[in-house]
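Look for subunit A in each of the two complexes below; its partner is subunit B in the first and subunit C in the second.
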Partner chain A sequence: MATAVERGSTAGTEQRAPARKENRFTFAGRMMAPALIVLALLSIFPFIYIVLMSLSRVGLIGGIDLHWAGLDNWSRLFSDESVGAAWVRSIVYFVLTVGLEMVLGIGIALLVHSLVWGKNLVLSLVLMPMFMAPAIVGLLGRFLTDSTYGLYAWVLRETGLYTGDILGSTTSAFIAVTLMDVWEWTPLIALIVLAGLSSLPKPVIEASRVDGATYWQRLRHIVLPMIAGVVIVALLVRSMDAIRYFDIIYNTTNGGPADATKIVPIRLYETAFRFFDLGYAAAIGLSMLAVSILLANLFMRTLRKRGLAK
Partner chain B sequence: MNGGRIGGKVLLAVVLLWTIVPLLWMLMSSLKPQEDITSTTPVLAFTPTLEHYKALFSGGNSIGSYAVNSILAAGISTLIAVGLGTLAGYGLARSNFRGKDHVAFWIISTRMAPIAAAVLPLFVIFRATHLLGTTWGLIVAYLSFNLPFAIWIMNAFFADLPPSLEEAALVDGASRWTAFRKIALPLVLPGVATTAILCLVFSWNDYAFASTFSGPDSQTLPIAASQLVTQTEIDWGQLTAIGTIVVAPMIVIGLIVRRWLVTGLTLGAVTGE
Partner chain C sequence: MAGAGGAALWLGGCGSSNSAKPVAGDEWKQFGGTTLNFISENTAPTSAIAANLKPFTELTGIEIKIVQLELAALVQKVALDFASGVGSYQIVYADPYQVLAPYHEALVDLNEMMQDPELPKLDDVGDFIPTQLDAAGRFVDKDKLYALPYDAPTMIWQYRKDLFEKHGDRIKQDLGFDPTPSDSSTWEQFYKTSKWFKDNAKDDVSYGHGHQAKQHDSLMNDFSNVLWAYGGDYFEDGDTVGRLGSSDPGEPILDSDEAIEAADFYRRLVSIAHPGSLGWDWDGLGAAFSAGQMAMAVNWHEFAAGNEESKVKGKVGYARLPRGPKRSANMYGGTGLGINATASERDQKAAYLFLNWATSKKTQLANLESDVGGGTPTRDSVYKLPEVEKAKEPPSKMPNILTADAVFEAWKPENIGLRPKIAAWNECDTAIFTQLSKMLAGQQGAEQCMSNTKDGFMQAIDNAAALRSA
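The block that comes next holds the complex of A and B.
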């Protein structure tokens, strides 16, 4: 308890300090209690429940009914080739979307940063997609790629680049849902990286310019190393969200055609709400949760290294 | 050097086209007469009409009630999350107890839990507690990501304030609650607004929770949008109109707090401008 609180106290308060520290701890505790109790109900309780579900056969007839099934769901999970294939697709989708978003986002941030005037307007325009509901992005993507009425389908057809049904064949559907995600989330990366660029000390950049460094030399040896920390934060924030959402695919191909876009959360949904195999879905869900906890852990470490987790 | 500058302008134009065209096309299509939408070549010149918006709000399946559900679910969960989260964020920022790191980690992993995984136990729990199909169920579901988010972000905003201001007030005899209310809180109001707007955007934009938990009495606008897609045909005019209705307010309020967005969206890891 004595080590509980040690934020600086001013000279005048020193003699009454112990009582005040005690009091402050309980005050902070009282402030946190309501939120943490609600959070516990919303996280710890469901977590215990999903673990139990993953160890059971879940019946939905006449309420809920858990039949102890031991490690059945788990052993099935590790030998299920279709779930394995969904993981592979998820990883490819993740690497492609997040990778493209990082590269394009950094590029757009550099571009906007170099603008002399109109920076705020351009930034506002560039940011717009990231406020959209991902489900609407999916539905809009469906409209744009519709083989009869779609604008982008028409452009591709007229230029002779692609004449087939975009969401109807496996490779083009995968590329299309990837690009929809990239369209929506590249602005987020650009926004974060731009904040990093804006905080760079001007004298350093000026000095290198005076020393005759070219744009690319400055970028490679000065700018990029200095914003590396911010870039890593952008990568982690985006990665955590990339694992959370599946709305775009859910509203376009829903895993098809021929399973080409069936990533893990889509597989989970199908297992839970089409085949009503909730126990098995819980095991899939917990394996996803493990990945996101790993990422959250990395994020916390980065924060601590940057000295910002206070 | 000049060549680089022209190249930059061309690149910028490409970036803006890539970003804006889909949004502009959605807005334009929502205002086009039906025959211009179903034309096989894109139509740029048309006489604007509100027929698709009117159709959405008329008839037995008006989207009015969906809009009310959206506003209630997103609004109430935001109010609760920001209220509780501001108090807890302050408490967290002004204390340094053992195990604080673990609490912080618990909070962030709750925020980051994959939606598909969170939906499963909540579905079963809601079924047992009769929250399935109700707006309260959605509010609770949205709290599961908004509350940890609000606590975390408000903690970051309060941690940026030097505690010396509040300490000076304490020396003058103010209570801790007064020091929080009269000194700390007014200084983080932009933070509170940013947190509220982001919570609102996250829950307004939700699809997965609503598609699983909501029933006829609690379905939200994104659900109404997806219901326009049927096996036989899709009414693109109405779909782009509802898309515009869902998207436009979020873009407007999101851009209002643009200065503080970076802090909010990086969970306090990067501060902007």
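The block that comes next holds the complex of A and C.
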């Protein structure tokens, strides 16, 4: 209805008053203006401000004060070894968490989908972790792995599998925070993939059964290709989230031990809110934004190639 | 009138020479109806005050809203509040290193308030323990006072008296010295005693000692005790940079032979400690010690309150830290209360009433007696009160006072450990605890660790200077 009114209005204006053709603030523009203003306030203005901050030294006392610093923060960013190391850890962390979540999520979705009864109950239980705030998952993880009273620490110690402090050594701490993230977000992948599985055309599956295809053949040649689009969407959603992973590490290791879990968001937080070097933090934040955009474009291109996005 | 009477009664109880006179008029009531926000770390005295604000509200008519946070979150909120210029938190828990040093310009010089005839007189300022008044209240300029000492956590030696009594003779026989903490105890003896417990007393305790060696502020605190004991320091003029602070501390001396020796000894010490040490900050260490997992720990003295509510109740002894080749050094972690200079003048004056009250002798005594607090008084006279003297022996209603003899030893100028009070401290702190964590993880040796730490300090000081010039 709104579209009809809009079209009619525009057409009428063109016919009656060609001289006013250049007025672009049309009815549609007026309707969109509030949303555009809100968008500008929430996204565009802060973005421009952060770009300006990244080109400045930011004074704090008595009000934020920007002093032009040119490309100082950016040149520091590209020569800062600790930020470079944080990026390497972020990439390893990203590949591990998202990879494990995709494999486990698809596996769990296939299992739940194959259930004949109790599907809703199992699904509810499977989804529970993702309803917890990441900060709570971090605190819970810290509690469970604490060497004094943590259940997991006790089980590992009593079984002789691991006697050290889980969050106290570099490898085990990295594995622990990775697994905490996998525990929380695998259900999201399972949920999205399950939605894809539910929409598969039953006749195609039945026909493959009649033709004698085994379960693995059906999975490999029919199910996975048909849900590939959904899987890529799940991958996109998780990737965008994983790249700014913060809460769990902040609440467990805070980047330690020996910087083993200091990924870029932790380094960014430290620069902004511990050192209050907001100009440099802005440069780090913008580099994270650039990587996020690159990743999103990569996934979108894949979706377009498959004809799943316009 | 009732209010004035109440005020007179309250201050009369404080008993210092400056406040012996009854307060005239209603100077305590002049800001009645004001609401102030007090932002504090979640420490014992603030918990005690939060649980019993009624006396202050009755005295002044001022409402206090308290926000208690972890220190890192507090620093963040305070810095952003200073930046906003709004002064949302009028009363600030001004950590000397993370708030006072970088943001002293945003705090009120309390001398102006103390000289204001319209404001009630402060209890005797000379009653504050002198090193604490400088360390927690001043920055560079001795004529300015930005905060009043509010709490005084200090790192001391906490040990299981029962285990030392049980095994003391055998340890003496095996190791050739009396392990009981004394003035002559050394860090080397601490190491040997810890190893002895680990190897020979498994039935009583799993480990000899533990550390707060997480990659965190706690690791810097823990290591600094050893650094100073071995004759190392952060800067050439370490005493002044620690006590009064400096805006130009000079070149760090963390790559000195003494500092490297200290780092190497610390690495050895952690290697025989409870394996949980690498993941603990002070809370984790305190929980493990009070759970009976080790015979000794070096921790903040306010953890005595937790010890006396745990399975080690009545079994813990407290002493000044061991000596190194140079001295005994005990990290001081006290903080003062300051007033936000970006708040309105009326709020600043109302906040001063709260500072006056919260740091008074009577309030510090009430905090000590509080069920939810514990308190770590900063006034000398509080420790001399008969009821406080009596509480030095267990069972005590004031568990933190069980540590009084140890902390008074620790606070002597020759024993106190004061980290650098410089604007770049947050970044320097991160540099040292990160490098130490790498050393403890076996990624680098002591020499490399201290050399990298020095580089990190220099970079941090340069960064802070650039920011301050902005």
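To be clear about the criterion, the second predicted complex is superposed on the first by the 260 of 310 C-alpha atoms of A that agree within 3 Å, B and C clash if a C-alpha of one lies under 4 Å from a C-alpha of the other, contacts with A are read in each partner's own complex, and residues count from 1 in each chain.
Operating definition for what follows: a residue touches a chain if its C-beta (ideal position, glycine included) is under 8 Å from a C-beta of that chain, and two chains touch if they have at least 3 such contacts.
Because the structure is predicted, anything quoted here is derived from the model rather than measured.
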- prompt: Which partner does A:L121 contact after superposing on A: first (subunit B), second (subunit C), both, neither?
  reply: neither
- prompt: Between subunit B (first) and subunit C (second), which does A:I64 come into contact with in this model arrangement: first, second, both, or neither?
  reply: both
- prompt: What is the contact status of A:L167 with respect to subunit B (first) and subunit C (second): first, second, both, or neither?
  reply: second
Task: Using the superposition on chain A described above, determine whether A:E270 touches subunit B (first), subunit C (second), both, or neither.
output: second
Subunit B versus subunit C as contact partner of A:T148, first or second or both or neither: both
Message: In the superposed model, which partner reaches more residues of subunit A, subunit B or subunit C?
response: B
Message: For A:G255 in the superposed arrangement: first (subunit B), second (subunit C), both or neither?
response: second
Task: Quick one: classify A:A135 as touching subunit B (first), subunit C (second), both or neither.
output: first
- prompt: Shared contact residues on subunit A for subunit B and subunit C?
  reply: 58, 60, 63-64, 146, 148-149, 273
Task: Spell out the residues on subunit A that touch subunit B in their complex, using ranges where they run on.
output: 3-10, 12-13, 20, 23-25, 27-32, 34-36, 38-39, 42-43, 45-47, 49-50, 53, 58, 60, 63-64, 108, 111, 114-115, 122-136, 139-144, 146, 148-149, 151, 154, 183, 187-188, 191-192, 195-196, 198-199, 215, 230, 233-234, 237, 240, 243-247, 250-251, 264-265, 268-269, 272-273, 278, 281-282, 285-286, 288-289, 291-293, 295-297, 299-300, 302-303, 306, 308-310
- request: Within their complex, state which residues of subunit C touch subunit A.
  value: 72, 75-76, 79-80, 82-85, 102-103, 105-106, 213-216, 274-280, 284, 287-288, 291, 293, 342, 426-427, 430, 434, 437-438, 440-441, 443, 460, 463, 466-470
- prompt: In their shared complex, at which residues does subunit A touch subunit C?
  reply: 56-65, 67, 69, 146-149, 163-170, 173, 253-260, 270, 273-277
Statement: The subunit B residues in contact with subunit A across the complex are 4, 8, 11-12, 15-16, 18-23, 25-26, 29, 37-42, 84-85, 87-88, 90-98, 101, 103-110, 112-125, 127-128, 140, 143-144, 147-148, 151, 155-156, 159, 163-164, 167-168, 170-171, 176-177, 180, 201, 204-208, 211-212, 222, 225-226, 229, 234, 236, 239-240, 243, 246-247, 250-251, 254-255, 258, 261-262, 265-273
